[in-house]
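Next, two complexes with subunit A in common: one pairs it with subunit B, the other with subunit C.
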Partner chain A sequence: MASKYLKSEQLPAFLESLAKNARVVAPFKRDGVTQYEPWQSGKDVELDVLLAKQSPKEYVFLQTETYLKFGYEMAPVPEGAEGEDAVPYETVKVDPQNEAPKQVIFGLRPCDVRGFVQMDQVFGGYGGFYFDPLYNARREATTLLAVTCREPRSTCFCTSVGGCPSSREGADVLFTQIEGGFFVEPITDKGEAIAEAAGAALTDPTDTQATEANEAKLASATKVDPAFDLEGVRDALHDNIADKRWADLAMRCVSCGTCTYVCPSCYCFSINDSIVETKGDRYRCWDNCFNPVYTEETSGHNPRAKKMNRFRNRFSHKFWYYPDKYDSLLCSGCGRCIANCPTRIDIREVIRVMGAPKEAPAASGAVAASAAAAAAVAAAADTTTEGKEA
Partner chain B sequence: MSRQDHIREFAANALTEKRVDYFIGWKQGYNSSEMIPAFVTDPAEADQLVWNPLCHHNLVTFIKRNMPEPADAKVGLCVKGCDSRTLVALLQEGLVDKDRLYVVGVPCDGIVDRRKLEKMFSSEITEIEFPERGKVKVTTRAGETKELDQKDVELIGCAHCRYPNPLYSDNTAGPLEKEPDREETKPDWSALEQYESLSDDVKQALLEKIYATCIRCFACIHVCPVCVCWDKCVNRSRQPELVSQKVGPKENLLFQMVHMFHVAGRCPSCGACDRACPVEIPLGLLHAKMNKEIYDMFGFEPGVKLDEKPVFQVFDLKDQFGD
Partner chain C sequence: MADTTSGAAKKRLTFADVVPGASTAKAGKLAGNSYVPEIATVVEIIQETPTIKTFRMRFDDPAVMESFSFAPGQVGQLGVFGVGESTFAITSKPSEKEFIQFSVMRAGEVTQALHKLSVGDKVGIRAPMGCGFPMDAWKGKKILFVMGGIGSAALKATIEYCLEHRADYQGVNILYGATHPTNFTYQYDIDEWQKREDIDLTLTIDRECDGWQCDVGMVPAVLERMNPDPANTIAILCGPPIMIKFALISFMKLGFTPEQTYTTLEKRMKCGIGICGRCNVGPKYVCVDGPVFSMAELNELPDEL
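Our next item is the complex of A and B:
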């Protein structure tokens, strides 16, 4: 599909045109904090801050999602009914909710996109498991317009988990910031439709602009420090499950859920009923494996009673259980969990220590930065749509 | 001998003498701009402990109910002035066992607000140094370097700190800091003036707005040293659902109100909740407001005297009930 060019000053008009047919979500800075919010005319998109505090997953996998309204009511007794038929009885009326308005998320990073791609497995029925209609309806109605990272943070490690700051994987369109604007690459049919609808806002790029975009991609990839060697991590986590070092690493964990709620791929939720008199909502809301009552059973027994058990679960799930079940990692290397953890627990350190073979001391993950970055860019260029369409 | 040297020596001795199973202090995180809690078990590793104005973590959190691992461990820890008040609050209520603690008091002349710094630079902060007392040198990933006065970038509570020196400790790391005259000066609540000047409607709207972004990660209550209910927290209860698990402005406000009331008279405004909040909600506002009310009504400052009972554990007919 043909690449395009979007002038920086055309960005508001471009978003305005998208907003005619869909809700537009983008990162905005409010009181010094950058978060994904619905776009309104006149609001300036924040792209200088690399990562919003949270990933945009909440726009597809809602933090609170009421999916059923229900009510108890007495069934009317038919006129002239006799005997058993005349005894009034209670019925439950249920009213499923599944709203999935069209939306476009602009300004998310390739690691944010990859969070969706990874999460798609669990909600999408991969391997014959449950197909979640709520998530999939929203996912289907969502178009992802990713922006190549310009200044990766020191906590970024996408290239260590097979990603890249300019990865096209799962994105519908990839924007790369160049002199005066964006180099725009529509990737999927959805992305192509967006490009067409934008009309005159997008122009044909020059060859120089294409070259500039490629250079920008390579430059950003070289700024991502290698964090660890993924090879063998899964087996090492398996072998090290009873290792004492888990307890050492978990010591400074306060068992809150920050890491999981800022994560682009953590997807645990709980289901609650809220009832007032005879009417109620059934809703799901995010839950996390650090919650002290996570996995607590009705009997009172909790298989993950201790902080250390719950701590171990998060990392093992991302690099061992999930890959085993869904053939995908559950980490895209955004590093939000590191930067937002109240005690700065470092997932890279955990994987370096616990993901290393038992005998050997912690591996340094020494991979030549530039070579790894170049390989990642090359791999990303080959990747087309490995999301749901594939 | 610097405070840091004192801390290292106290820690190494306590571990060598088997006075403690482990010692909690601060060490450098993934770069020199981040200090993190350190758990030292080997006396030889005591030299990784550091002390500088980035050591903001209130380590008392790690000795509250359900945190010490194992539960009966003998623990050594460092406390700053504000941290020590949370420890005193726990001791007043008998929630920790003094005999299993070894406390090193660290006199403190102010802690840097890293978030304040972050907002002054467009690039990520990767290095912070303290070339001399009162000076902060910040370097970003883009290579920009700036030297700042520490007083300009300190935490909100540091400017009017009444207790720079720990109120409870077994040993003190170096000489005491200069104390304000507490007989003459009252706690400074000027940070609340703007909030208090608002009408009720505006206050309600403001509170709903600032809590609207809460993601209910529970970082605020888990780092709170005096918040001890843990798995029995009413805010977590799903059956019965006393506080809605739904995430929204009103529900979030109720959640935070519950926290405020449960720590009232026990919270000395150490600010741990503020610093832990990933979405930077000014959580300390309501706690400070509650502290002011309690001070005005009862003349009580939480966590100050070991033999004092927390204000809500006593009943006194002479108490003032406000106007």
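Our next item is the complex of A and C:
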């Protein structure tokens, strides 16, 4: 389908039309915090704040999802039964749950979309693993309407991990803010269906509007600073596994797990039961690999008792373990973990340090030293600009 | 459970692939949902040691019971509804068609709840999971089992497999250690094994004890005394971490290579199907890549065992 134009004033009407067939989720600001919430008539979508505090992953991969209801009950005694057959006994009934309401998420950023694309591999059985019916039911019932980033933050680094502020990857429709409204590009069948249903709210764009959208995209891409060179990171993490600098980098971390909860692609979970009298639920809920209990066994033995091991595990998972299994990365460069970490742990720094090949051998010492010096100057320059922006 | 995997294809699946003709949310109930346990009934309970009970259960659905099969070394998630699931090695004979068996050491919440079960109670089982031992590739070799404590559970099915296919293997050698004579599991089988000419069984306890007729000493020391020949041999090791650590040193002293030395790992597992990410050791998941690993494979992993 051809591209469209949506006037800013028409946005509420557009969302209203979507809400007829699906739950609409969008970023809203309340008490100074922007979060994804179900849209209601009269609520103003917040697009000036670049990233909501949390990613929208919770609408597809729920924080807590009951997937099994069960109940203990007495098995009915067959009529006319005698002797042993007439003794009542307890049995259990299970009822699998898998709800997936139709929903449209509007206003998510390309890095948020990419979080879904990355989780899709895990839950979609990529590489011979299992298919997850819970995630996929919700994922298939969800349409993603992404919005190009206008003012990337100093913590953004999508371009270093193969993304960009106007990436179409995984999005069903891409909206780009231009004078007076949005340039609207339906990408998938789902996206086209949305555009069609919107009817008169969408008009044909002029050539100038198309050019303006293109320029906006180019401009935002240049505002994302290169953070590191992805080439060779996986191998370097592998080679540096026993490197002492892991402990230095992890020192400030307080194992709070904030980084895992705000991340659009962190997906690990726990499974638990709850029961009241005879009826109960089995549910899964987000977990956090920074918690020492995550790996602690009943005997008290804990393979990742040390903070350094847990810290190393998260970054290695994103840039080494996951890529080995799923042929892609587990980070979209949204920078939420940097912005929200109470101790300002910076994933870019971790990858710059641990994702760099081991030092060159001593023979070329002089050359290596001068290269290192040049890199140090560049890095210093980097920090200054970052400092100014932040 | 195997029907939900996509084989070796490097492709992301959708409902359309998993349940042909369906792409709605409803399909989740049909799609061989790997999270939903099969209901089974406890048919027999054997008190093995003061802290270990063996449970035999039959799947309530006769079709499930009939089609159930597993490879020696594979595990399952056994759960009590309302308390939770935990991972255990399947300890039945691989040819057993009447029941599925687990041996459970009382430890925390789930295992205590399991220990309170009576015959006739209902449990939930998701099995089999993981990869077993490459028994076919080992045909013609001598198999040496070295186990301690509850480690016997992890190797039970594999021992049974070797005995059922005894002619396929050149030798079956078992070294089994416990702290005290009352702590040996499967005493009834041990009696049988002792009678058989085609099994070389060595039992050892940590310290002298009245009436004890077999070896005395820690497993690694007894192993070194046994001095097994590494030629054409596969060593399988399972037990408490401290035993594994020292037995490995003994194996290396005896000239065993990491390629011919195997063990099975324990890690806290939840989903059991390679999704939740709980059981990783570096890039390997114990639930799908393991629990069986050769020492050569483990040497490649971060030191997080």
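Throughout what follows, the second predicted complex is superposed on the first by the 359 of 390 C-alpha atoms of A that agree within 3 Å, B and C clash if a C-alpha of one lies under 4 Å from a C-alpha of the other, contacts with A are read in each partner's own complex, and residues count from 1 in each chain.
The definition used in the following text is that a contact is a pair of C-beta atoms (placed from the backbone, for glycine too) under 8 Å apart; a residue touches a chain by one contact, two chains touch by 3 or more.
Note that this is a predicted model, so its numbers are computed, not measured.
**Student:** Based on the superposition on subunit A, does the combination of subunit B and subunit C result in a clash or a fit?
**Tutor:** After superposition on subunit A, which the two structures share, subunit B sits beside subunit C with no clash.
**Student:** Going by the contact rule set out at the top, does A:Thr295 touch subunit B (first), subunit C (second), both, or neither?
**Tutor:** second
**Student:** In the overlay, answer first, second, both or neither for which of subunit B and subunit C A:Met308 touches.
**Tutor:** first
**Student:** Check whether A:Asn272 is in contact with subunit B, with subunit C, with both or with neither, and answer first, second, both or neither.
**Tutor:** Both partners.
**Student:** Check the residue A:Thr91 against both partner chains and state whether it touches subunit B (first), subunit C (second), both, or neither.
**Tutor:** Once the two structures are laid over each other on A, A:Thr91 reaches subunit C alone.
**Student:** Touching A:Asp48 in the superposition: subunit B (first), subunit C (second), both, neither?
**Tutor:** In the superposition, A:Asp48 contacts subunit B only.
**Student:** Please name the chain, subunit B or subunit C, that touches the greater number of residues in subunit A.
**Tutor:** Comparing subunit B with subunit C, the partner touching more subunit A residues is C.
**Student:** Examine A:Val254 and indicate which partner it touches, taking first as subunit B and second as subunit C; both and neither are also allowed.
**Tutor:** first
**Student:** Who does A:Ala137 touch here: subunit B (first), subunit C (second), both, or neither?
**Tutor:** The answer is second: A:Ala137 touches subunit C but not subunit B.
**Student:** By the touch definition at the top of the document, which applies to A:Val262: first (subunit B), second (subunit C), both, or neither?
**Tutor:** first
**Student:** Once superposed, minimum distance in angstrom between C-alpha atoms of subunit B and those of subunit C?
**Tutor:** Closest C-alpha pair between subunit B and subunit C: 6 Å.
**Student:** Kindly list the residues of subunit A that each of subunit B and subunit C touches, one partner per complex.
**Tutor:** In the superposed arrangement, which is not itself an observed complex, subunit A uses residues 270, 272-274, 296 for both subunit B and subunit C.
**Student:** Report the residues of subunit A in contact with subunit B in the complex, numbered from low to high.
**Tutor:** 31-33, 35, 48, 50, 53-54, 63-64, 151, 153-155, 247-248, 250-252, 254-258, 260-262, 270, 272-274, 283, 285-286, 288, 291-293, 296, 306-308, 338, 340, 342-344, 346, 349
**Student:** For a test of understanding, state which residues of subunit B touch subunit A in their complex under the given definition.
**Tutor:** That would be residues 29-31, 34, 36-39, 57, 61-62, 66-67, 69, 115, 119, 122-124, 126, 141-142, 213, 215-219, 221-223, 230-231, 236, 238, 241, 244-248, 275-276, 278-280 of subunit B.
**Student:** In the complex of these two chains, what residues of subunit C are touching subunit A?
**Tutor:** Touching subunit A from subunit C are residues 1, 4-15, 17-18, 23-29, 31, 33-37, 39, 79, 81-85, 107-108, 111, 120-122, 124, 241, 266-268, 270-271, 273-278, 280-283, 288, 302-305.
**Student:** Applying the document's contact rule, which stretches of subunit A touch subunit C when the two form their complex?
**Tutor:** Subunit A reaches subunit C through residues 67-68, 70, 72, 89-92, 94, 96, 98-100, 120-134, 136-138, 140-141, 241-242, 267-275, 280, 282, 284, 287, 289, 294-299, 301, 303-304, 309, 312-313, 316-317, 320-321, 324-325, 327.
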